[in-house]
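Dropping the structure in here first, questions after.
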Amino acid sequence: MVSKRNPDELLKFIPARDSPPYTLVVVYGERSIGDFWTFPDDGTVERVLGAIAKVMPSILTLDDVKRYLESLDKPSERVNRALEAYQSLVKLREVRPGEGLPYKYEPPHLPGWKDMMIGGAIPGLKPNQRNPYFTGGTAKHYRPVINFDKCIKCSLCWEYCPDSVFDVTPDGYFNPALAYCKGCGVCAEVCPVPDTIIMVDEMEFEDGYGKFIDEYRAWKENREAYRKWFESLLPKAQVISVRKR
Amino acid sequence: MTVSIKLARTVKDLLQMAQTEYFDAGHRTCQGCESAMVLRWVAKAAGPNTIVIGATGCMYVANTTYYTTAWALPWIHTQLSGTGSAVVGTAAALKALMEKGKLPNEKINVIGICGDLGCADAGGLSEVSNALTHTKYNFLILMYDNESSANTDIQETTMTPYGALTTFSQVVSR
Amino acid sequence: MEVVGTGTDAVAYALMLADIDVTSAYPIRPYGGVMQTVARLIADGYLKAEYIVAAHEHDQFEIVKHASAVGARTFVGSSGVGWLLAIEAIVAISTDRYPVVALIGNRALDDPPGAYGVEHNDALMVRDVGWLLVWVDTAQEALDTTLIAYRVAEDPRVMLPVGISMDGAFLTHSEHVFKIPPKSKVQKFLPPYDLGNRKLHPSNVISVAPQVNEDWVTEIRKQMDEAMKNARKVIEEAYRDFAKIFGRDYGNPFVEPYMVEDADVVMVGMGTVSKPIKEAVRRLRAKGERVGFLRIRWFRPFPTDDIIRYLSGVKVVAVVDRDYSFGSPFDGGAVFTEIRSALYEAEHRPLMMNFIGGLGGREITYNDAINMFNMALDAARKGRVEQRVIWYGVRE
């Protein structure tokens, strides 16, 4: 795993497994989707290769990694990144069975061919119904947190959200259904009021795997506590509406 | 069951209509996908009396994943270059069935959505072009200019501007 | 009403009787005649349908696929390379389970181009992807089979497209006398097209053919397998009802046996090749030779039981293939290979010969049929086949 956090911290977010024990290897670095098709050439791939050479030389030795990286462009830069990881950036943690987030994966029941509609057809949704079988909210890196005290109900966040995440509340606020939010931050970018929508690292929240808090309800229940909580998150925010960090 | 058309008569009606989501959450588009936002707006504007046709591409792969869907409108896949044909076929069938009394007579929007490959390449252009000659049918083709083939890894298409970097660009790496 | 017309005319009249809603045209010989007749029928007010001139065959087949999805009865057709250009849409029609009926005016494939004559390889290209395939022999059979095709395709137990194959030139362009039944009888035979809960309409919100992963594809294909198997029963029912309502009984729906009882040698073929072969059978029978002919109507679903029933007790089976299947198990034709496979579990396996002939529209004459029978009778007397696959009439 590539992270700037300690293995113990990360374990709070990793679902527990029954068996067998495994080793969690954390390579220090900014999380990245390097090697995905967007391929930001940010050194992640090289650091991971260096880490593998360190942890499992039986699979890949440091010499192998060097030889491969030297065949690419900017070879010295790439080799340095791998060496950096090899020498100092790897942390190991043995994980015992049952350690981690208490979460049990329930595999879905798939219907058989007699129960499926023919021709690849499936029932559609009702208007205003979100897809009940696919949420996608657990994939986000950042989460929008909304300061309802400052909201002017302009509806821009609701309008621009590509994932139709915002529910309109009876009093005209916009409450994010975090289970469906992918954390893109468009809402914080378009919000015209300073410090009203902020994007905060998902690892600041421990509301459980696939379970998310209801921000609007928390605010309704105790505005003072919500304000304090929001202010505690403000310094950690990655994107802040209007005011850029 | 038939759907009755509710015409918006006041601003309040319009707002109410716009609040209804016909392309809702629970699709597999990337974070901040602009095309998904566009589809959401198109679906809102079109309203419930609509049939949506999606050519192969992100907006079909990501929006519907068998056995789930993000559409509250009737939606059907068409082959990569088939958008023009699909809208003509759908609109013609509706016209024929309504004229023969096999379907209630009402206005149904037929909207075809295609990207670079579906509208500009892969024979898509010829089928869109042919669709435009059939003026007696009522349909809308939404041509989404991505400047690349985004679904299949950002490859070059005929819509890619000169000099743009794609995964099909033969750039010298050293 | 009795009229004179070509094979494609007969199909066009059937479309009028079936009251199709949408059709799409693109010119190619030899199927094209049907669209010319349909255009006249619409212009003269006999048929009310949307007639869409397409940009090419892929366009044509996509148009009817989507019209069918909305609930319209559709017709489409093509020939040779045109049929192949549409192949992507053709496969999607069957996997999406739309009961489109198509006419394939069988034509040799390019290259070299310009062979307008018959060869069955165009239709056979789709033998594995869920299309029902039927070969007709006369204009009357073409008309009747078109009505039967809609009935079978639209049956909820089937919901698969049907391809009606018609020998290019020999049937598409030759004039026959045929009867046009009254519409009242057709309405009794052919119920309205009903997609049920799959109709694409704002009152029935569904998503059709979403992106699918490996968790589902096996199940979706299995549904098609079951539908194709159901088709055998549905075809039988349709022919039975057809005989009852129209008073024309085709007997066995899948194959047409001609003097096969007690035969030592049976020739097998599809389409218009039946004419010279039947004549040869009659003359040889008059001379005391025990020969017969079996014409295959439905190639998909394949009539395995009937093949065993009519051919397993025979000494020599000689298959005339108006097609080729290069590199197939015996380097023979597609029909030969399928029949050989069907007979594998038969109690008595006959000797088998294959004549590849009549390619590119070359005529198989009465004399050719006599020659083929003589070779097969020779093998029957000797009790062995010396040359399994014979390219009949090929110039050395």
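We call the chains A, B and C, going by the order they appear; numbering starts again at 1 in every chain.
In this text, a residue touches a chain if its C-beta (ideal position, glycine included) is under 8 Å from a C-beta of that chain, and two chains touch if they have at least 3 such contacts.
Here the structure is a predicted model, which is why all the values come from computation and not from measurement.
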item: Chain pair with the greatest number of C-beta contact pairs; value: B-C
item: Chain occupying the most central position, where position means C-alpha average; value: B
item: Between subunit A and subunit C, centroid-to-centroid distance (C-alpha), Å; value: 57
item: Where subunit A and subunit B are represented by their mean Cα positions, the distance between them in whole Å; value: 30
item: Centre distance in Å when subunit B and subunit C are each reduced to the mean of their C-alpha atoms; value: 36
item: Of all residues in subunit A, the ones touching two or more other chains; value: 110-111, 116, 120, 122, 124-126
item: Set of subunit B residues in contact with two or more other chains; value: 48, 65-69, 71-75
item: Contacts with 2+ other chains: residues of subunit C; value: 205-210, 212, 216
item: Interface residues, subunit B side, partner subunit C - complex; value: 1-3, 48-51, 53, 60-62, 64-69, 71-79, 81-82, 84-90, 92-97, 99-100, 102-103, 108, 123, 126-127, 129-130, 134
item: Touching residues (chain side subunit C, partner subunit B) in the complex; value: 19, 21-22, 24, 48-50, 52, 54-56, 58-60, 62-72, 74, 88-89, 92, 192, 200-213, 216
item: Residue ranges of subunit A in contact with subunit B within the complex; value: 37-38, 72-73, 110-111, 116, 120, 122, 124-136, 140, 160-165, 168, 177, 180, 182-186
item: Subunit A-facing residues of subunit C, complex; value: 95-98, 159, 197-198, 205-210, 212, 215-216, 219-220, 222-223, 226-227
item: For the subunit B and subunit A complex, residues of the former touching the latter; value: 19-37, 40, 48, 65-75, 153-154, 167, 173-174
